[in-house]
Each structure stands twice: as C-alpha cells, then as structure tokens.
Amino acid sequence: MKAAMQLKEQLRCIPWEDRPEGCSDVVWRFGGNPILTAQSIPGCNSVFNSAVVPFDGGFAGVFRCDSKARLPLLHAGFSTDGITWDVQPEAIMFDTDGQDLPPLEYAYDPRICLLDGRYWVTWCNGIAGEPTIGMAWTKDFRTFHQQENAFLPHNRNGVLFPRKIAGRYAMLSRPSDNNHTAFGDIYYSESPDMVYWGRHRLVMKRSTGWQALKIGAGPTPIETPDGWLLIYHGVLQSCSGYVYSFGAAMLDLDQPWKVIGRNKKYLLAPQRQYERVGDVNNVVFPCACLHDASADRVAIYYGGADTVVCLAFAHLSELVDFAKGVD
Amino acid sequence: MKAAMQLKEQLRCIPWEDRPEGCSDVVWRFGGNPILTAQSIPGCNSVFNSAVVPFDGGFAGVFRCDSKARLPLLHAGFSTDGITWDVQPEAIMFDTDGQDLPPLEYAYDPRICLLDGRYWVTWCNGIAGEPTIGMAWTKDFRTFHQQENAFLPHNRNGVLFPRKIAGRYAMLSRPSDNNHTAFGDIYYSESPDMVYWGRHRLVMKRSTGWQALKIGAGPTPIETPDGWLLIYHGVLQSCSGYVYSFGAAMLDLDQPWKVIGRNKKYLLAPQRQYERVGDVNNVVFPCACLHDASADRVAIYYGGADTVVCLAFAHLSELVDFAKGVD
Amino acid sequence: MKAAMQLKEQLRCIPWEDRPEGCSDVVWRFGGNPILTAQSIPGCNSVFNSAVVPFDGGFAGVFRCDSKARLPLLHAGFSTDGITWDVQPEAIMFDTDGQDLPPLEYAYDPRICLLDGRYWVTWCNGIAGEPTIGMAWTKDFRTFHQQENAFLPHNRNGVLFPRKIAGRYAMLSRPSDNNHTAFGDIYYSESPDMVYWGRHRLVMKRSTGWQALKIGAGPTPIETPDGWLLIYHGVLQSCSGYVYSFGAAMLDLDQPWKVIGRNKKYLLAPQRQYERVGDVNNVVFPCACLHDASADRVAIYYGGADTVVCLAFAHLSELVDFAKGVD
Amino acid sequence: MKAAMQLKEQLRCIPWEDRPEGCSDVVWRFGGNPILTAQSIPGCNSVFNSAVVPFDGGFAGVFRCDSKARLPLLHAGFSTDGITWDVQPEAIMFDTDGQDLPPLEYAYDPRICLLDGRYWVTWCNGIAGEPTIGMAWTKDFRTFHQQENAFLPHNRNGVLFPRKIAGRYAMLSRPSDNNHTAFGDIYYSESPDMVYWGRHRLVMKRSTGWQALKIGAGPTPIETPDGWLLIYHGVLQSCSGYVYSFGAAMLDLDQPWKVIGRNKKYLLAPQRQYERVGDVNNVVFPCACLHDASADRVAIYYGGADTVVCLAFAHLSELVDFAKGVD
Amino acid sequence: MKAAMQLKEQLRCIPWEDRPEGCSDVVWRFGGNPILTAQSIPGCNSVFNSAVVPFDGGFAGVFRCDSKARLPLLHAGFSTDGITWDVQPEAIMFDTDGQDLPPLEYAYDPRICLLDGRYWVTWCNGIAGEPTIGMAWTKDFRTFHQQENAFLPHNRNGVLFPRKIAGRYAMLSRPSDNNHTAFGDIYYSESPDMVYWGRHRLVMKRSTGWQALKIGAGPTPIETPDGWLLIYHGVLQSCSGYVYSFGAAMLDLDQPWKVIGRNKKYLLAPQRQYERVGDVNNVVFPCACLHDASADRVAIYYGGADTVVCLAFAHLSELVDFAKGVD
Amino acid sequence: MKAAMQLKEQLRCIPWEDRPEGCSDVVWRFGGNPILTAQSIPGCNSVFNSAVVPFDGGFAGVFRCDSKARLPLLHAGFSTDGITWDVQPEAIMFDTDGQDLPPLEYAYDPRICLLDGRYWVTWCNGIAGEPTIGMAWTKDFRTFHQQENAFLPHNRNGVLFPRKIAGRYAMLSRPSDNNHTAFGDIYYSESPDMVYWGRHRLVMKRSTGWQALKIGAGPTPIETPDGWLLIYHGVLQSCSGYVYSFGAAMLDLDQPWKVIGRNKKYLLAPQRQYERVGDVNNVVFPCACLHDASADRVAIYYGGADTVVCLAFAHLSELVDFAKGVD
C-alpha cells in the first residue's frame, strides 16, 4: 500500500501518482491497482466498470457489482481519497417517486454527470429484458430518483455532457443489439427536459485495429478550450474473444457530433494480469475521470477484466494533444 | 375523433369486394390482385409495402419503389378508387426547410397518418447506413417536409397513432439490429412535439408459430370503442427463409402499451403465387388500412413477396372480434 | 380427375396409376396431385407429411395439419380409395390412460406401423419445447393411446420396423438439435417393451449431393427377400434454403443397422410447382408407403412444400433394385 | 416454337429476337425461354449456367448438368442455331495427356474462350473437395485436354480474356471460401503460359443493392473500342436467400484491372417463373455471350434458378453505353 | 504441502480442511490446489474433470486425461488420502465381454456411482464421432466391463442415482448437439436393467446469470432427508468465451425430476489462476463428491480450466440449506 | 544443399540450452523466455510470430510488431547470439523498385528463406484489405525489395522451400477466408520465377485434436536425408477460443506434397503464462528454426499469446523421428 501512502499529501486533490520513470505513455497505471475487488463487498462476485465524482469534500461513486447469481446491480460508495472506497453492501433501490416506470431488472456500467446541481447517473438498464439507457439523479448518493429510460432498446454506454448544448441536454450513446453486439458506433442525442430525446446524429463509427469491431463513449466528456475531450473504449475481435482498449477523440464544443480530432492509437490496452485475466479476459473499460485542469491532472477509473476497479493517470494537456491526433 | 369526422363525406368510397362465397375467413383477398406492379412505374424493379389515405375526394399514397439498382425510395401516388393508382415516376424529394438533417440514403415501408390536419409519413430511413424511423409531413402529397428522425438506429416499422394519447403524440416501433434482424418486439413511445421522444414501453413480444421470430406494427391503428385495433405482421423462420404473415391485437384506448386482446392465429398468410413468389418469397406485409366504420368495412393494403401491392378486405366488427381473441 | 377415374377398378387395391409414357423414372407422380390441401380441413393452414395404412377394407391415416396459428397437430382421416380423404376437423386428443405423461405441446410428421395388431403412431413430439419421438397406438383410429416418448430430445423422424428384430421392437430415428438442425444421421434402437429403448447403432450418415446436409427415415421400412427397403429423405443446403429430396437404401434383414445397398441418386426431388412453392419451398417429404408385393406396386405418400399431401408410384422390384444400387 | 421460327432466316447469325414492343430495357428475354431443361439430357436433374461459342458454322457449348445424385459435371453440346441444342448424354471425360493432375471431383459453371486457335474451358473444379478454377482446351469439343488448375482454392468464376494483355494471358476470378461464400470481389491475374499465374490485382469490389454481397465475372469479356465490356453477376442477400442478378462494367483495354465504367443498375434480375422458381430460387447467372458487332447484336446465355438454360438479347452499343454508366 | 500434512490424521476419513478464517462461503477451496496436474501422468497434456469414490479403505478414481494428441481418455487411479493420487499411465481398456459394442473413440468427463455392489462409470462417449453416455462397471478399478451406451447421441453429463427410484435405475443427463453446444437442460430417465432407458422427464432448464446458457448434472446426487442434493454446473457466455461455475439444487426423493429447491447463486466460480487460465479459461467443473454425513463434511472434486484436478470443501448441512434456497 | 554449406562456418553459434533434467519432451522451452517483448520496441503494442536466419556471423530477423493502433507491420532486427535482439524502431519500408505493386496495407507473420543468395521474406500481406502472401528479398536486412504477391487472396502462412524442387521454386501456403478462418489445410505450389505460381497440390488436411480446426506451415522446412521436416501449427477450437499448438510432419524430398510421416501429438502446446495469457490467449506459433545438423540442434522461434517472442530447443534427430511418427 506504498502507493496509497504517497498520495496522502494530495488529500484534497484528485488521486495522483507521477508518471513512472522511463515511461513515455500518455496514460499510466496506478501502482496500487486494482483499487477495488470483490473482497470489498460481501457476497459479491465482482466490482468493475464504475463511476466516481467529487462529492462533499471527498468523492462519491456508483459501482457495478455483480452478485454471485451474476446479476449486475449498482451500489453507491464513498471515499475521502478516491482510492480507498467504502462501497455500500446493499444495491441502490431507486425511488420512482410515484411514476409508473418499468421495473428495474438489472443495471450495469454506470456513469455520473453533475448537471444543474444534480448528479445524474446513467447506466445500462433492462426493459423487458433488453438493454437501454437508464437514468436517475441524486443529490446525496443515498436517495436516487429514477427517471424514464432515455431511449428504446437496444442501447448501452449512455454518457451525458456536463452542460447543455445550445440549450438542450445532450447525451452520447451506443445503439446495440440484444446480445454481445458485434457492431457499435457512437451517436449524439438532445433533450429539452431529460425525458424526451431526439435530434440524433452519428458522432463516429468504429474504425480499424483496436477499435475495429465497436466503440462506445467512456467517462463524461471533459470540456477544454480545444473541444470536448472524449475518452472512449474500442473493441477488437480476436480469435479468443473481444479485446477492450480505450483511446481518445476531440469533439466540437458547439456541435459535439462533429469530430475534430481522433487518434488511431489506444491510450491503454489490457496488458496487466488484472486486465488480462478475470471474468472476461482482456478488458479495460473506462467509466469516469476526475480532472484538475489547473494541475493538468486526470485520474481515469476503469474496469479490469470485468472483475476489478482500476485507476490510471494522465496529464490533461497530453490527453488533449493525443485526442487531437498530435501525439 | 376529428380524423374520423373528416372521413364521413367519403363514406361510400373505400375499395370493396364482398367476401367470396364459401369463404369464412375474416380477411379475404381482392380478386384483382395485385393492384400495382413494377410495370406501373418506369425503370422500377418493384413496388410494394405502401401506404394510402383518403385524400381530396379520392386517395393518395406513398409507395415503396425499389429501383433497378435495388435502392428503395418513396414515390407519391394518387387514385380515385383506391385500386387503380397513378404513381409518380420520380421519387419524393423531401424538403428539409433549411434544417440540417442527415441526408436521405434510402427510404422504405412507409406509413401515413393524418394528425392535426397534416399527413405524417413515417418510414424506415437510413442514418449513417443504419435503419431508423424517418418522419415527414405533407398537406398535398406534392411537397413533403422532412423532420428529425424519431429514434436512434436501429429501428423499423414506426407507426403513429392518429390522435394524441394523454396529450402527447404516440408511436409504435420495432427496435432492430443492422441486418435481417432475427428478433423484434413492438414498443410504444410518446412525444410532446414530434421531435423528441420518450416514455418508452414494451407493448408486446414475439410469440409462437407465425409470429415466433419477430413482430412489427402494420397500418395506423384504428380506434374502436373496444380499443385500438392493431394489425401487425409476424415472422416465422422456416428452413427456406422468413415467412411474413399478419394478424391482429387490441390495445387499450388510453394506455395503448397495454394489450387487451391478441389472436394466436394469423389473418392472412402468404398463399397466393403473388405472395409466395417474388423478390422475397412468402411475404404479406400490411402498411395501410382504409376503413368505413358505418359500413363495417376495412380495406387492407399489403405488399406481396416484396414485389407487388395487394388489397384485402374485412368487416371491421369481425376484425375487432378477432383481435379480441373472440374469434 | 381422369386419374381418379382410372383407379376405380382397383378399389380394393392400393392407389395406382401406370408410369406415364416416355417416363423412365423409378418413381413417378400421381396425375391428380396434390391429393390433399388445406381447403380440405376447416381452419387449417396446411396439410402435409402424413401417414396412411390399409384399414378396415379401405385406408386410414394420420395427417399433419398446421393451424392458422401455425401450430402443428395430428388429425385422423379415412378413405376408401387412398386418394380422396375424409380428414377429421378436430385434432387427435390422445388418451393417456391415466399415465402422468408430459403434456402434448405440438405434434408433426407422423408415421404409422402395424405391429401386433395395433397401429402404432410415431411423431415429432414436444417435451418442454424440444422435439423428440412421441408414441401412441390405436386400433380404430378414433381412440389413440399415448405412451412414453421413446427418446430424450432432440430427435425427429422416428420410424418403427413392422416386426420385431431378434425379439425386440426396433426403431430408426434422426437425433437432432433444437432448431432447423444442420446435421442429421439415421440411428437404430431397440426396445423389449416399447417403453425403454437402447442398443443404439448408427445406420448411415449423410453423404453428398442431395443428402449432404442430413438424412432421415421416411415410411415404415418394407420387408423384402433382399432386405429392408428404406425410403429416406435427404437435405441439401442451397443458398436459398434447404432442399428435401428422397432416395432409398437397403438394410440387412437381421441386423438392420447394416446398410447393404444405397443409391447415390434421389428417387424424387422437388420439381413440380406444388413441391417447389409453398410454406417451405423445395420439399418432398415421404412419410408412408402402401405396397402390394404381388402386384409389384408401391404408392408413396409425401408432403409437398410443407403445404400439401402428394402421391407417387413405383414398382417394388424396381425400388429394390434401385436401393441395392443396381439402378 | 414460333420464336424459333422467326430465327430461321438468321441461320448463319447468332440467335436473335427483336426487342418486344413497349419494352425499353437494355436486355430482353427470348420468348422461347427456357431453351434447355433437364428433359433434354437423360437422367439429369438440371442443366444451367452453361457456355457456348460459334463453332464449325454453328455453335458448340459446354453445359453444366447436375445428375440425380446432384453431382455437377460438364457435358458438350452442339447446335446449328444456338437455340436448339444437342447435349451429349455422357459427361466430358477430360484427357490429362499423361499429366499427374488431381482427379476430377466435380465441375460446374463453365466458360469458353477462343485463344490461339484453342477453345479454353474454365470452370469451378474441386481439388481435395475445395473449389478452384479448372482449365482445359479443346479443338473439336470431343476431346478436352485438362491442364493444371489456375489457382489455389478457394476460387470460382474464372473467366479468360480472349487475347493476351501486354503479352500475357489474363483471367478474372472470384476468390471465395469453401461454402456459400458470403463475400466476393473480382480479381485479375496474368500468366505467361496458362500454367503459372501471378500479378494479381483487384478489379472491383461488391457494392450496394443487387450487388451488395458478392460479384463475379460472367461471360468472356467483349472487346470494344471503349474498353472490355464485362457482364457480371451480383448477389443480394434477402431474408429468403441469395438473389442473383447481372449487370455490366467497362474495363480499360490495356489495364483491365482498371474499371472505367460501371452501372449501379442491373441488366436483368430474376423475375420470370423460370428464374424465380427452381432448385435455387431467384437466380439469373450469365456464362456466355455470342455477339455480332456489325449487326450490333448480343445474345446472352444465362442459367435460370439453377435449373434451366435461358437466352436474352441486347444491342452491343446499348450494352456499352450502359456499362459506361451513360444509361 | 502443509495442507496435505494437516490431513494425515484424518487418513481413514474423506479429505478435509477447515473453512479459512474470515471466509463465509458455503464452499471453500483446498489450500493445496491443484491436487493433480499433467506432470503426474507421463505423456499427458492435462488431467481434469475426474471422479472418485471410497474404495478398499482408501479411494479409487477415474480420471480424464487428454493425451498430447488432445485425445481424451479415462485412466484409473488410487489414493490413500483422496489427495495424493497414483494415476495409471495407461488409459482404461474396456472389456466388452464379447458384446458387439461400437468401438471406443474417446472418453471424457467420467462419473462413478456405486450401485448393487458395482462401481458404475458413466462418461461422454463417442459413437460414430458423436457424443453420448458411455457406461461400464468395475469391482476393482482394474477391469472395466463396458455396456451399451445409455442414449442416442447427442448427450453429455450422464449421472446415475445411487439407488433405484421406484424400482428402476435412474440417470440424469444433458441432451446436446454435436459441438460446443449453446443450450442444455437436465433431464431424468429410467431403466429397468441399465440397458434400455425411457420415461424421460425434464428436471430443470437453464436459467439466468451464471447458468444462463446451459446446465449439467455434476457429482452423483447425495441422498439427504430433505431430498437429493444435486450439485450441477452452469455456463454463462461472455464475450471471451464460456464461463463454467457450479451451484446446487434439491430434487424430490421419490420423483427426482421434481425440483424442490434451487439457488440462484453459484457455489463456486472460476476465480483462482488455476481455474481462470488453462486449456479452457474460466472453468470449474465438478464431477464427484465424497461425503461423510455424520461429520457433516463434503469434499468436491472439480476440474480447473480443463487442465487440472482441484478439491473444495463444504458442510453437508450448509449445502442442503443452500440448495433449498434458504441460503 | 548450398544453403547448408554456407552455414558451416556458424556451426557453433545457434542459441542452445540443454534439455532440463527430468524432461523427456522432444521440444523444451528456453529458460529465458520470452526473449522479446513490446518493451524492446518503442511505441509498440507487441512483438511476436517472427522469423530469424543466420546472417553475417550473427543473426538477422524480421519481426512482427503491432503498433498501438494495433496495425501489424514488419521490423528488421539483428543479434549476435540469437537471443538478445536489436529490433529497428521503424517498420520496414519496402522498395518496389519502380513496380506498380498494390500498396502495403499491413504485414504480419513473416518467414525468411535463403534462396540463391537472397533472403526471401514471405508474410501475410493485405491486398484491398484481404490477406495473401507478400514477398520480398533482401541481401542486407536494410533494403527489402518487394515483389508481386504470390497468390490471390485469401491466403496466409506462405513458407518457401530453401531450394528448388525439380527446377522450380516451391512454397507451402494455407488458403483462408477473410476473417478468423475456421478451416485451413496446407497446399504446395510451384513457380519458375518467383512471380507466377501454379501446379497447386494439397499437402495435408487438418486432422483431429490439437489440429482439428486448421493447420499451417511454420518455419522453412528443414532438409534431412529422410525428407523435409515440416514444423507446423494446428488449431483446436475450444469454447473459450482457438488454441494454437505446433507439431511436425515429414514430406517427400522430391515430391514435397506427399506426406511420408506425421505425428498425431503436438510438439508444444501453450502451457506457460506467456503462452496462455496475452493479446490472444493460448497461442504458440512457430515461424523460424535455426538448426545445426552436425550438432543435432534446432532452435525454434515462436510467438507466445500473440504478444511475445519465445525460443525452444530440440535435437534434430529426435524431431525427425517424431515427424516420422516413430515417436
């Protein structure tokens, strides 16, 4: 736990660890990875693909925990340093506030986005057994107010923008099919009210190499003077299964469905034991970033092998350069 | 009910042919089938899966015509009797009225719905090569005003309700994948403004027999005192390909996502040469109904074998009984 | 209907029509085909793949009738000439005689075999939604006594031998999977009591050409001095679906799992409109033979295009030569 | 046989029938189609996808005949008018002239090309059960001299150019897999000696619509002042199987792997009963042309539904215009 | 090897190791896992999915050993403590006692059941290349008497009950297809004589989560006052392949096809390196239990990653509670 | 034998490590494996499946390096001991010497063969996005002269013989499809000039066990008095993906398409962590051998898990015995 020690002095900041000597990668892993394993939550099969935000002087998060029935649900969690987490043993029971919503069947791969003073959680939600984008908001990470699903099935990886675009809420998502979807591109949609969605636009399609099979938005996009920094995952189909890596692109600030930069290289690919070996081999799947623009720091939370939660770091300026393809 | 009002003056004019002697089927075919073939449109490969409405004392329609490049587009057409049609040789060029909409790539399987004095056309529309629900309105079937696509891909068989439900526009659709989708259920969505859609609900899932693989809404639902009469197609997968038949269900008037009746039998299955043999064998695919409630008559327009347009008839009261499962 | 006329003089014999002039095929079609269509049974979608036997001076049969829900069930039928059939409008309700058998879910592709004074019907029967071999016996074709299913799923095309082999009942069957099985070979099994089955042996595997994908036993094997004459169907996978033809093999009299003759050619392949066009295109599927060894005549009942019942004829001696590969 | 009558006066010419009145298609069908059916060859299942050339004052051809074992082999045939054919009842036995060639397993889809005084036949030939391009030459259509296969498996639709290109023999082909290949593009290869092949180049890829799944060269390309006229088949995958149509492209005279024209429309698609219904539904497959440039006439031989041989006509000048995309 | 030390004092008992401190799982792994690897058998690729029984004061077993040709065969083995095994270097040569049985092609995934003084071995046995349930008995684990295969192909995971049910032998099995079967439910069959089998009943179907794709019986069921305790494996399909876990259900004592308890959670899922990484990743596959009811102890033998043999422990009473769903 | 001559002076220098004590395997791994990892090449994702030859008193090699875009290209490298390698950071830019060759799209799985004083490199090369056999030669491993691709797509694993056979160059290859090909056999082709190829013959087909799905030639065959020693990879399809092992066969010296020995066992299968866990799990893929016949030594270079380069050793005489099936 030496790594955690090093971090103490940065207690009020986002988690951080300097780039290891000799390393020239834009993104580097936390030395204390994985930061969360199934051992942390009683009766849990695995914890991964989870989202965190700064909250109340520390951090709060929503965690994907698969039970021993292999049913994925969301759990809230809290942390003072962003590294050591106290995850609630009970899954979030969403409050429907009297609305007649379709019942919660399963929930996975959450993202969190602070918007108008509310923390909006989006996730992959089952409706009649098919995946779509579930939505809820909370102010305290104790009570979560579920809202209407954003889209029709089949959809996954719904990621909100942290402010309105031209007066409307905006979300990225990845239309899918009802299985281990073998295709997938990122689309953009708008909403006047977080209930009804429309004005759908293609943002970008799968490409080659590590992102040849499908792509999906990762953490909430980070607004920079150069555009929206989008970290996204990509999938390659090998003859022993899918390989999930992640890279970055830059979207136009005002018309975020326009891609103004995109790097053909990945930022991180599964290469450590905890990324290569687990319930699903060869997966790194980013769901959240913490960033401190003034310190030029980004902490990326990602799932490893669909089994554990991991952390990686980067300098924001380097990420932006990378995403613009300057790399 | 305003729409129905408007139709009163046309009471005597929907196409009709009495049930043949000895026939006890709820739906029977027009003796002059097919009513439209590729010969009717110059340079056309096929014409099928088309929609019609009463218009200007006669009828107007939007027709799916596949070119000899096998590119499907929509053509407007007019008729005085609903049987002999004058289809425009040029495909509809949609007017975007200055909006920056994704370009039209292809268009097929139209439906028409009179709503607030506008004829709304919905169809399967390509966005970035993937199918979703295109929307446009016209008042004269000469100028068509294209609007935003209703949903994200992949979707087909978008069918509007002919009046608002609880103050909002309502549409049925069939989420799909990007291919000859091997699954498919009918969902219900609402919109305050025909631009943004939400409050999605499952209506009904595929079932057994002729509707075991997938189902999709057919003509605009017909409002009856007993509920919304929904004629829908179903698909069975045989070892020589898909077989498209159609049947009926009854939806709750106020909460149309609630199924209050559904018949396990089909109303019509491909059995005539023009339904069994064509560009796609064994297809009957209904896209429109004309009905005259006072005369207890319904005329159903359906595509045959993805090649021709056909017509069938029924008594509305018998369709309602059938849909309620009383049959 | 001249064909039917010709047959009158043979009223007590099996149906017959001489080989057409100029035809040199071993098997030739009845001029009055199809002999049964859906029109014959009220509310029926189709009637095909059915079995008949001599009964009470005339003939009785068990017919596969698919309802308009596309649910296949079995119907009894009677005929004086084997050509004009009176099929019961109601499906057979099997009598379980108090046994706690799995409930009947669907029933298709029957065969009939007279054994020890009982007419045994075998068919493809659903158990928990999966296909296996259903069994029942009747003495009068009015009351059918259902017995235990012969095998575990997934199995189809169970065909009994008309006498015991080495003191045990014997059946051919075609192990399958739970779908449009893309493989299939013929196996042989024995039973001391028609309840418990064992001593399973491979009889023959799919081969090339018309029988490259899968094969399955057809009518009850015919005992001849040269061996058991087995007419069987074979399937070829074309790029527009499966093609079902039928041919013949000769099995050892005492060890029927030993193939002593097999012809690489088919006897009949789908070539007429009623065999090529229907609910499933390009299918001829034989389920029963009537034979009169003294007259050297065989009448073969087969389904056409999964839609109608057809009849074909052959000389027994020629069939035997063909099956021995002498052809 | 009125159609054949009409042709008598053109006895020394290629077959011909004027464009029907009211028809504006570039290619039109012969009124006497199909010109060859299985009835013409004893013991044959079907005859289709065959090639013809002018020969000895009349015409000679190589015909694909599938036996009743569904084994495809090649048969020679002769005709005085190009319409009525005398096809040899026995399949061609290739002479290997003492070479140790892989044994002939099956043979289908022949083309014929006159080169240096020899009629070269190319076909789909089995090597170790896998398809590749078989080659043989004849001077009299009685003795055929088999040569080495041109390529490694898996390949189909090998079509020679009728003269050397830059001093080397040239062939188009369609690399495949070992099944109902779901992809396919046209490549160009050269050979100094008809034994060794190399300098492979892509000519053109599958595209959209009727040619979206795969394409393959059809008849021997026709040299015109504007380039090589290439008639080729294209395949669309419908939900009831593949649909084979044919269209045209124009290749550079000196560098035939360069496409200088290509029409998005098809010339002919399966629309007649004999093209829609057969052993494989919805197939028109061209294998040969006869052309008379001075009379501006082309006769196209094509297979219908993998079952019969058909004939269609066109004016060469119109084909060229079509292929250039001027249409 | 400290773990093995601890066990010495329990030499006449079944293997045992107390639940680790802090662990609250119903099933826990042996500290000395894996107990058998390929190194133990000369020329062997792997040893896994094996069965053991108490025998002659110690233990005997039948082990699945895959050769370096990757041919799976069965080897006998002996042990005094149930942990250290002496596996025979030569595969079992079954004695057919003069019966004309289909030849042994391969053999894998054995189970052993003591019945009427004979140790019955059941395994996945090839007949004509297809999997079914092989059967043999031994009294000394030196001579094995092979019997008729129980069922037709395709079947796997045949597991006998350790006593007759209502006077008949009883077996669970998992009907399959001829490949990496993507479905699978547990059925029950009866036999009067261990040769002929019938009276087949569905026991339970695949479900959700870890058992969503298929399930199969594991060790011989353990009779308890509450019912038959059935440990069974379940398979989940991830995007990097199948994941095999195991759980438990409780079957009715007299009608074992009736499920009276079933837990949605797994007992053990692949989480250790030797379960996650091997010839097939992410597999735990139980084939045998030793139990000592008086000591409330169960030792479970399971294969790890299709590569090694492992051992886990549980208290019988807790397993029963778990299986009843009381957990 | 000229090539072997040239090597004499290097007799003492191929990498070597004696067989570990207690090991009786024909092939054993180098204790220092892996010898090359991505760390060795800046900006590289992985280095594997690479080829080496004796060169200039030491060794030279061509290495498959996948970039972080997951684009595979070839890099040259040099070594004095064959174990520690200096791989060029820049991919090989092939010199086309003015030929109009299809542009290089990607390049992987190289082999090197010394022929007539030139080092010929063959690799999997993209033409129009499809894989075939790329060819180039070098004399100094600095300038590489690209030549025409040997074959049409789709092909992989092209391996030259190190001398002419009956006066012609000879190559083994593995025809494929355009994906993770699920079939694959080894063929033999000849060329008079390294440009045009023909006289194709099947060498051997996939078989059972570890080589049941597909096989492909590995290193350049080694000439021995007993025949050509061919080390080749084989693939087994497990339910968690493909497993690549390698074994050996012996080909006739004069007619190398004739197999005179083949061992059913593998020589090496993925069993170490660096073979089991990586970008593609469970892969050992041999691309090159160094051998010293007088010392009876062979060093085999193989890729591990599509991630690293590994080394293994054997005695040539034992390999020959193994390949002959004497093992």
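All chains are identified by letter, namely A, B, C, D, E and F, in their written order; residue positions are counted from 1 within each chain.
One rule holds for everything that comes next: a residue touches a chain if its C-beta (ideal position, glycine included) is under 8 Å from a C-beta of that chain, and two chains touch if they have at least 3 such contacts.
Predicted, not measured: the structure shown is a model, and the values here were computed from it.
A.B. asks: Touching both chain B and chain C: give me those chains, sorted by label.
C.D. replies: Touches both chain B and chain C: D.
A.B. asks: Sort out for me whether C-E or E-F is joined by the greater number of C-beta contact pairs.
C.D. replies: C-E
A.B. asks: Between copies chain B and chain D, are the contact residues mostly the same numbers or mostly different, with half as the line?
C.D. replies: Chain B and chain D contact each other through largely non-matching residue numbers.
A.B. asks: Which one of A-B, C-D or B-C makes the same contacts as D-F, at least in over half of the residue pairs?
C.D. replies: A-B
A.B. asks: Would you mind checking which chain's C-alpha centre is most distant from the centre of chain C?
C.D. replies: A
A.B. asks: Could you state the distance in Å from the CA-based centre of chain A to that of chain C?
C.D. replies: So the centre of chain A lies 59 Å away from the centre of chain C.
A.B. asks: Could you work out how far the Cα centre of chain B sits from that of chain E, in whole Å?
C.D. replies: 56
A.B. asks: Check each residue of chain C and list the ones that touch at least two other chains.
C.D. replies: 240-241, 277, 281-282
A.B. asks: What are all the chain pairs that meet the touch criterion?
C.D. replies: A-B, A-E, A-F, B-C, B-D, C-D, C-E, D-F, E-F
A.B. asks: What residues on chain B touch chain D, complex-wise?
C.D. replies: That would be residues 42, 45, 67-71, 180, 240-242, 277-282, 306 of chain B.
A.B. asks: In the complex formed with chain F, which residues of chain D make contact?
C.D. replies: That would be residues 102, 127-128, 130, 132, 148-155, 173, 175, 177-178, 181, 183, 185, 187, 189-193, 195-202, 205 of chain D.
A.B. asks: Touching chain B in the complex: which residues of chain D?
C.D. replies: Against chain B, the touching part of chain D is residues 24, 208-210, 212, 236-241, 243, 245, 264-266, 269, 273, 276-277, 281-282.
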